[in-house]
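Paired with chain B in one complex and with chain C in the other, chain A is shared by the two complexes that follow.
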Partner chain A sequence: MALHRGRGFAAINYPIGMNLGGDPSQALVHSNPGGKFMVALSSIDLGQGMKSVTRQIAAETLGVPVEDVYVDTADSDTGPHCMGSFASRGTHRVGNAVIEAAREARAVMLEAAAEELEVDPGDLVTDGQGNIHVKGAPSRTITTAEACAAAQFRQGRTVSGRGIFLIPLSEVDPETGEQTPVSCFAHAAMIVEVEVDDETGEVAVLEMNSAYELGRALNPKLVEQQLVGGAWMGMSHAAWETTEPYYPDRDHGPIDFNSYLMPGPGDIAPHSIAVLERPAPDGPYGGKGPGEMCANPVLPAVANAVFNAVGVRIDELPITPEKVLRGIRANGGARPQGRP
Partner chain B sequence: MIEFRKEYFADERDDNLNEIGKPTQRQDALGHVTGRSPYFDDHLFEGLLHIRCVRSPHDHARIRRIDTSAAERMPGVVRIVLGKDVPNNLNTLLSLLDFGIDDEPLISDKKVSYKGEPVAAVIAESERAARDAVAQVRVDWEVLPAVLDVEEAIKPGAPVVNDVYPGNRFVYHGKYDHQKLRFGDVEAAFRQADRIIEGRYQMSPIEQAPTETCGAIAAPETNDRYVVYTSTQALFFSLDTTSKLLRVPSNRLHLIGGTVGGGFGGKVDSLHEPMAVLGTMLTGRPCKYIFDRHEEMQVGAPRGAERWYLKDGVMNDGRIIARKFTGYFDSGAYTRLSSYAIIKAVGHLPGPYTIPNVYADVYCVFTNRTPATAMRGFGITGVDFAIECHMDKIAHELGMDPIELRILNAYRDGDMKAHRRLAKNTALIECCHVAAEKAGWPLSQAARQASSLRDGGGARAEIPHTVTDQHGRVEGYTAGSYAQKKRPSGPAGQARGPQSPASHPSRDSIAVPSSFDRAPQPMSRPAPSAPPASAAVAPPPPPAAQRPAEQHAPEQRRVTRFSSISGLRRR
Partner chain C sequence: MARKPLQFQLNGRHQAVFTDDGQNLLDLLRRGVGDLTPKYGCGQGTCGTCTVLIDGEPHLSCLTLAETVDGRQITTTAGLAEGAELHPLQTAFMDNFAAQCGYCTPGMLLAAKALLDRNPSPTREEVVEAISGNICRCTGYEPIINAILDAAGRRNQRRYG
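Take a look at the complex of A and B:
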């Protein structure tokens, strides 16, 4: 009886956003007279960081510091329509809507500043620190707060903007499946190393090495949390979780976290991640959406690593010790395939 | 450990931005880490009532009679709700997009098709009282034979799970019992292939497992409106579904959510908001409806099981010249979202590879189990498991390095994909390079020199002569206006099946743009059958330049102009 190590590989791509388009999101942006901005959405922050990424997008577009922006989510009385937070659509769809809204609000802010400075608004730039000045003449300057106050108390303008992002609905050909599914794709490749116990059938994931391409990483920390957590979920899908362990038989269905198996802290494998950023031409600042795809390569990579370790193909998830052990026995023992 | 490999695609990015690309801390971080962020269940109401459902103990049964008399006499019970109390007790989630036929009641009153299906709801002063009363509701069941396996369910004579779809299969485009993908001629290519490699793969059902279970609290507002605090992932899905089921104009509903304790796809089904509002309508008091953990795991919709059969035609040098899929999504008893995920899956096939002949038949099958719904990677995760396990088998059978096999077949910028759009912005090969480098996995020089930016297009941009067929044709359905080829000549609106009740609920629905129809295009081109296999080296024929590209400039449309943005408020 022995422990066998194996390595497995998988590569995937992932469509960003709800398939076929037709999934609009909207945003409203306005400033108070002190030049502080509010972004109103009806989108949901599931913990993934929706509020944070849209806040950065709004600040970048408005040309103000991120501290000058807050995002309010999901009140149907105040937030304009959004399809919801699913299908990796939040960053891409809502982010684009926020850009459009922020551009409109920025234009008003610059018009107000131009009127105060008695210049053409086209000659004005923002420095991202809360100042607006004439291009090439930094001394002719006004703060964003002063511009917003002037707009609202002297000039009678609302510093506000509306945005919507909609990829029109694509039809699907019943005969060929021809369609325009989504507008951009993220990519990933992963190598997983496992150790398989040929006496118990247990699989331990030892290490993951991956490369994810997900457009521009709008906030590298949020990207990291998605990729790390998502890969653990993929590991869990591969070797632990199911609501029906003997599918299609319905018996032994778990009803709580004692019987629904998930990896514990001691099962988590070290994961070394490389992020590649090929900007999506229609993404907000080139962003795609790492939310869903990070789990996908792990499932097949673990299955392939188990084969490499002991020569057993597990084609039905999850990869339980029972299945591994039955496979080893059917083969008359472990058959290590050699380190690739 | 994470590293950002900025040297890749550097010329496609401007990295000098003020806020984008910065590791800014989340605005909600402090609230989350101190346990102070308010979730839906943190909203307290005086006189709050609790809703618990009476659920089917059977996979499939007819309801002969429901006796609530003993339950009504239980202490703390305020009201017992049955299917007849739901103003419009039939819905399908994607009717908001005009996709599919209404097939699922909020509270079932004729039959149940899965274990856990609700047949009554008890509204009581406490959760305890509601649970006790649920145990006193007596249902006279006529147990029916059940079918739990997708391939058993589509055999002739199988028990009918879902009366709207008597064949136990969702109907696509009012025309077929599955979604087709046809690109080239797989059968001809199989005859030319050096090897045929087949496999069968099973994706298991999985619980989304959020920390916070699904739920909603509704309360009456003084202005004849209802406020709803909800854990939904899709505020307007929930709002519009509630509006439809309860026949309440959407502007009398005020939904508040936005901070959710984990979703992963399990919080889009909009079951809780309608039930909570219905309870409030019937009692005039605030009502909470929330899954306990048992319900979350066995009644709440999981990621559905998928079964995939793959058959590949492969050349000895590693080129894959044909790939055929037969897929079965286990939708459970009702449609929810599996029908839609299948279209997403079909648009994803054959994975990130350029294969000149691709074929798929994918079925959305109804079985007597908990309806399936979205989960992280919906429509993609299961088939990616199948594809990537299959790729490993091919590499093993050919004695080839598995990463080199992927790089050889990887799609590149300018390649035609099986759904007939050109690939752009691809990066699979570069991901393979970096992952191999990190893990110390040796690659040949040829594999290392490959690039997503080179050697695509040309012959690889062509649409091959395509063989089509009519198998799986169904009669008696008309297409809805969504995801279809031709607009029906009859009255517009919901697709309707033979048994579908003619319900036209008076609700203000989402206007679905109807301007995307176009005349059907010829099924296949008269061009001679392209020889399968010419990987990167074939003489470049004229590129298929007139094909629409993958990336369209986003068409921005502004339907409503907001006259004012005042009235924004923070909570």
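Take a look at the complex of A and C:
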């Protein structure tokens, strides 16, 4: 028996959002009695950072501190219409809707402030600290909370805004078959190092190195968190997770967390990540978002690394020991391909 | 079904409750006492998110008969912070982005607390072993391991500082 090292590469162009029937998301923004702002969405935060990123985007657009913004992702009974949190679409689609809604709310807030200060709203700027003042005359100032209170109690305005971002349905051209299903792509490349045991067929992922281009990283720590956690999931899908690993009978398959295999904390591979920021022209402040592509390149990279290690080409996931051993036997032994 | 009186300490406070025959500790804590910090995950002792400390040792509350904790000290995640001041492990989890969906976090925190209480300066391998009974789907474990090591470093700094 021997342990064989292999290295595999994968590159990915990943669509942000989808376009099977048009891809819209809505956002509503309003000031609340506490002088702060609420962003109402139906895009749920599954832990990926939807709330954090939309909060940043709303604060940036409104011109108020991030602490002055709440995000409510309650549910489809209370929020505006949204397609949902999937297809790597959250930051891009919902972020753009939040910008539009926050711009409209900001415009009303500035009109209210202008009336109180007896100036033109076009001469007003926000300082991002909760104040509005006349451009070039910082002493002519009013807080955002005061402006919103004046709108409520004196002027009779609603400081609120509506936003929708819609990628319309792209029909297939009957003549050419052409279509534009996706308008925004993120990119990544990954190199994975594995070790394959030719006696047991086991594959261990030793190291991952990746580069991701996902527009501007609106929250770099959240991006890193997504990429690290997603790569673990990719590794798990590549070499571990299946409901049918046990030859020969389906009844031997896993029925619970005891027998459904996933890599544990002792199985993780060091992962070095380079994030390249190229702001997307149609992204909210240039963001695209990592989303599903955190996991995807790991799978083909591991498959290629296994081929490099023992010469077995596995085209059905996950790459279980049984499949590796069958491949090695069919080849009459391990056939290391050498260092690429 | 017989109901049985039960007394124990929960996060330093005396509790006197009735337990049903066969009730597990997780159910007692969540429905009987109203402490929702231990989570129901698999309900069969494999995911670890229901972990609580009984006399300082981590136990799976879904597999622990409630009546066995009579007279004992139970710690849940609700008992980690002191007033507004978070436990160093909670701060380290935040700083290291060690939670995404957060469902495993209560179990991870308590598994980590049990480790640091008996071994204030664990190696990476010892941290891995301490949380090996806790499943996380989001983070890839790396940020959790880093957070626990970070908290250990802080505790040591505070102790010697």
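Rule of thumb we're sticking to: the second predicted complex is superposed on the first by the 318 of 340 C-alpha atoms of A that agree within 3 Å, B and C clash if a C-alpha of one lies under 4 Å from a C-alpha of the other, contacts with A are read in each partner's own complex, and residues count from 1 in each chain.
The definition used in the following text is that a residue touches a chain if its C-beta (ideal position, glycine included) is under 8 Å from a C-beta of that chain, and two chains touch if they have at least 3 such contacts.
Here the structure is a predicted model, which means the values were calculated and not measured.
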Message = Looking at A:P265 after the superposition, I want to know if it touches chain B, chain C, both of them or none. Which is it: first, second, both, neither?
response = second
Message = Tell me the contact category for A:L46 with respect to chain B and chain C: first, second, both or neither.
response = both
Message = I'd like to know which partner A:K221 touches here: chain B for first, chain C for second, both or neither.
response = both
Key: Comparison of chain B and chain C by chain A residues contacted   = B
Message = Just to be sure I read the superposition right, which of the two partners does A:A231 touch: chain B = first, chain C = second, or both, or neither?
response = second
Query = First (chain B), second (chain C), both or neither: which does A:T180 touch?
reply = first
Request  = Kindly classify A:F37 by the partners it touches after superposition: chain B alone (first), chain C alone (second), both, or neither?
outcome  = neither
Inquiry  = For A:D282 in the superposed arrangement: first (chain B), second (chain C), both or neither?
reply    = first
Ask   = After lining up the shared chain so the two structures overlap, which partner does A:D256 touch, if you call chain B first and chain C second: first, second, both or neither?
value = both
Note = Both partners, chain B and chain C, contact chain A at residues 46-47, 221-222, 224, 228, 230, 233, 256-257, 262, 271
Of chain C, residues touching chain A in the complex = 42, 44, 46-47, 97, 99-102, 127-129, 131-132, 135-145
Residues of chain A defined as touching chain C within the complex = 46-48, 221-222, 224-225, 228-233, 256-258, 262, 264-266, 268, 271
